[in-house]
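In what follows, subunit A forms one complex with subunit B and a second complex with subunit C.
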Partner chain A sequence: MLAAEGLMVFYENMLALNNIAVRCGANQIVGVFGANSAGKSTLMYALSGIILDLKEKERMRGGEQITVLGKITYDGREIGTLKPHLRARLGIVLCPERRRLFPESSVIENLKIGAFMASRRQARETLDYVLEIFPPLKKLLRRPAGFLSGGEQQMAAIGRALMAQPRLLLLDEPLLGLSPAYQQVVMEAVKLIRETKKISIIVTEQYARPVIPIVDYAYIMENGSGVMSGTGRELLDNPDVKAAYFGV
Partner chain B sequence: MEIIIYGIVNSFKLILIAFGFTLVYGTSRLPNFAHGAIFVFTGFVAWIMMHKLNLPFLPAAVLALASAALVGVVIYQFILKRIRGMSMNEIIATYAIGVALIETFRWLGFKGTTFTLPVLREGVVFIADVPVDYQRLLVVAIGIVMLAAVWAFTKFTRTGLALRGIAQDERAAMMLGIDADMTGTLAMALGSALSGLAALMLFPLGSIVVEAGYNTLVFALAVCIVGGIGSWGGTIMAAFVLGFLQVITVTYLATHFQMVVTLAAIIATLIIRPSGFFGKHKELEERV
Partner chain C sequence: MKTGKRRERIDRGIKVRSDGLYALSSWREIAYLLAPRTLLIGGFLLAPLLLLLFPYWQKVLLIVCIYALLAMAFDFLANYVGLVCLGGSFFVGVGGYGAALLNKYCGLAPFLSIPLAALLGAAFCTLLLLPCLPLRGVYFAIITLMYPLMATRIIEAFELFGGTNGMMDVAGFANPWIEQYFLVTATLLLLFGLRRLAVEDLGLVIKGIKDNDQSVRASGINITFIKAQAIFYAAFLGCFAGAYLAHVYMWAGLSMFALDFSIIPIAATVVGGGGSLMGAVLGAVLLVPLSEALRAFGPLRIVVYSLILTVVIVIKGEGLLNYLARKYSQFERWVEI
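Right, the complex of A and B next:
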């Protein structure tokens, strides 16, 4: 469904992504693991096209020069130069790190803004679906999103991304700062979304442990480079990986 | 009593003048310093439509509003789009366009006080023994209708919600498929049309003069700065504070002190609370 090859991103002279290749098949869940600053978010920005906006803004400001190289194909189509909102229209929706909800809008308004591209019917159906997989949101609909707890925000953020009718959902560190209980909720939901909605999902995380049971395939990144990849099982059985990413 | 009634009318004048500016800034972070020029532009376009093309007031008004919106779109598409995100450049560019527009009218011979727009209905009513003409009542009514319409638009329509989204977090909105250039264009069109609406409401109270372009911009800025730039509630509150302040100044001092008081309010606000008296952004950021 999505294949990226030879992705390179430079911030001035700093290499943030070094020749990364990532694939995600239809209806797959793919994990990307790595420590802070390994380049996970940059990868997500590159896949969603946000990097092009960053680049443009920096260029106009006369700030950092950002260079993006490589090829991204989606459904057999080259999308590397497509602007982020057009990629979103093709179904690539990013649920960003730290969630970035619209803080002054209520939860329901966040969801409605998420439904910008959806038809009226899709919006209604997806809203029901979101409340079904995240029942706690029902009571929070009128609350400004800025006042929610981290776990509540994450549910709202995933809900908002779903409202945009994704076919490929990019989740950037969805477990960041969540309690183990909420981590469980979010991971269950991700699994459910793949099963019921037939959406492909790429999820990044620092700690692989809570995510690895649900991924079909995973990549491990270090300092901007891909160091290893394999199915969940393969990575679990690798002693080096175990020591470094599962905290065993 | 007079102060209260004329204070309210004057406050709504300021709301009409400032709301377009605050809408554009609040939704797209674009400081439209051509706001005052578009105000004058709309007045003259309406006048030309009426007196050169012999159209009645209403069609002329509609066409004038449409051309105001068009000016907004053109400014965005040809200039702001290319310098987006650099606020100093945005200010200089839009201000330059504004000056060019205003001075073009002056150069074309549109000066003096011979250019007037008609009031919709002649006549005066007495509210608690204070005479108020219909046009001033209309200013209040249109002000209320405009506030309600803009509120409903941003609350219930898809595009309106997109504007709210992009105002709060541009990049997050992009991830959901919202196009920043589309919303920027739309905001400029809407803001310019609102400036035009203010012109059509307020010029019948006097005559169309090019200087109004500069005064309008200063008033709009004053309201926005005192209220906290981009904050809608703040804009309305500040319009009332300044609106009454101006009327009190005119009553007890003299008309020409109006501008002094307005500018003093800007300076005082910038010294005491630079984010504006009702700007809530700071607080929210601190809490999160």
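Right, the complex of A and C next:
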């Protein structure tokens, strides 16, 4: 469904992504694991196209010079130079790190903003669906999103991404700052989304243990390079990976 | 997407070598370090001499310095403290009236009345702005925009300080050389003083407040007090400019609260590049003479002026100084990946 090849991103002279190749098949969940500064978020920015926006902003500001190279194909179409909003229209939706909700809007408003491109009927159906997989949100709909707890915010953020009718959902560190209980809730939801909505999901995380049971395939990144890839089982059995990413 | 090549920016060798104090080993390196500063200081100090034959442009130089001071105040408040202040003209007005009052009623000579008016005026402005310090962004901007309007109306309504006629017969300077060099030196001193302040402890705390005021509060620092100090310094620059203007025009009046003193410094900061104070000065040096030169266009002057501003901002949104500084310290080349 989505295949990226030879992705390279430079922030000024620093190499943030070094020749990364990522594939995600239809209806697959793909995991990307790595420590801080491994390049996970940059990879997400590159896939969703946000990097092009960052690049333009930095250029206007006279700040860092960002260089993006490589090829991204989506449904057989080259989308490497496509602006982020056009990629979102094609169904690539990013749920960014640290949720980035609109803090002064209520939860329901956040969800409705997410549904900007959806038809009225799709929006209504997806809203019901989001409340079904995240029941705690029902009681919070009128609350300003900025006042929710971390876990509640994450549900709202994933909900907002779903409202945009994704065909490929990019989840950037969805478990950041969540308690193990909430991590379980979010991961169950991700699994459920894949099964009921038939969409593909790429999820990044630092700590692989809660995520690995639900992924079909996973990549491990270090300092901007892809060091290893395999199915969840293969990675679990590898002693190096075990030591580094599972805390054993 | 292009493949295979990217444009790389690298610090020039001479910059790297002259960055470390101990590595200065040749006149070339010393010159590299000193050239920009020398150009600025020398340019400002020589300008009155060079313009000897053009008395009209000597006056323009004074206006350049006035606007440079105001642009520095705006840049300092906007890019260091994080307060967008649209009330530059309020500082000018307070300083102007202050100097006129000190001169006429206390009989102080310009050399005393200008600094004193700047000090007292800055204290007065800080006191008035104190209640607005918790405000940020557009709210602070609106409040500061209101002050000069309010001051005009109050002076009009109560016929204070000569009402709409203003205060006449303020003492002028003994001769044009003193007039010019006093202002040029003061501008340079204030510029470098403020730049030094920005890297001292106080300046670092001020920048911290702009980035995240909660963290600064959590470090046990009273941010209202720090912000008040920052306002005081900015107001000092503005009031100094105003006080000076009163003595140049030998008059203080309502037009000192005019919007020009608030808006043109902002344009200068944007064109020159914010965040370094030097950019603000560069902007004033470019914009004020440009606006004078455009007088030939008559009524279309403001149109041409706005067009030039728009083009500069769209093409070089980062500001001229930032662009020039980058070219001075770095070079670019294409590299194969």
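Some points to look at:
Operating definition for what follows: the second predicted complex is superposed on the first by the 248 of 248 C-alpha atoms of A that agree within 3 Å, B and C clash if a C-alpha of one lies under 4 Å from a C-alpha of the other, contacts with A are read in each partner's own complex, and residues count from 1 in each chain.
Note that in this section a residue touches a chain if its C-beta (ideal position, glycine included) is under 8 Å from a C-beta of that chain, and two chains touch if they have at least 3 such contacts.
Remember, predicted model here, so these are calculated numbers, not experimental data.
In this superposed model built on subunit A, subunit B and subunit C take up the same space, so to speak, and clash. In the superposition on chain A, contact of A:13 is made with subunit C only, not with subunit B.
Touch criterion met: A:65 reaches subunit C, while subunit B stays clear of it. After overlaying the two complexes on the shared chain, residue contacts for A:80 are found with subunit C alone; subunit B is out of touch. Touching more residues of subunit A than its counterpart among subunit B and subunit C is B. In the superposed model, A:125 lies in contact with neither subunit B nor subunit C.
Looking at the shared chain after the overlay, A:160 reaches subunit B, while subunit C stays out of its contact range.
Of the two partner chains placed by superposition, only subunit B is touched by A:114; subunit C is not.
It is stretch 127-135 of subunit C, out of 1-9, 37-45, 127-135 or 235-243, that runs into subunit B when the two complexes are superposed. Overlap of the subunit B and subunit C contact sets on subunit A: residues 60-61.
The touching residues of subunit C, counted against subunit A in their complex, run 1-4, 6-10, 273, 316-319, 322-323, 326, 337.
Residues 48, 50, 53, 57, 60-61, 83-85, 88-89, 93-96, 100-105, 109, 112-117, 146, 160-161, 163-164 of subunit A are the ones touching subunit B in the complex. Across the complex, subunit B meets subunit A through its residues 82-86, 158, 161-162, 164-165, 168-169, 171-180, 284, 287-288.
Interface of subunit A with subunit C (complex): residues 6, 8, 10, 12-13, 60-63, 65, 67-71, 80-81.
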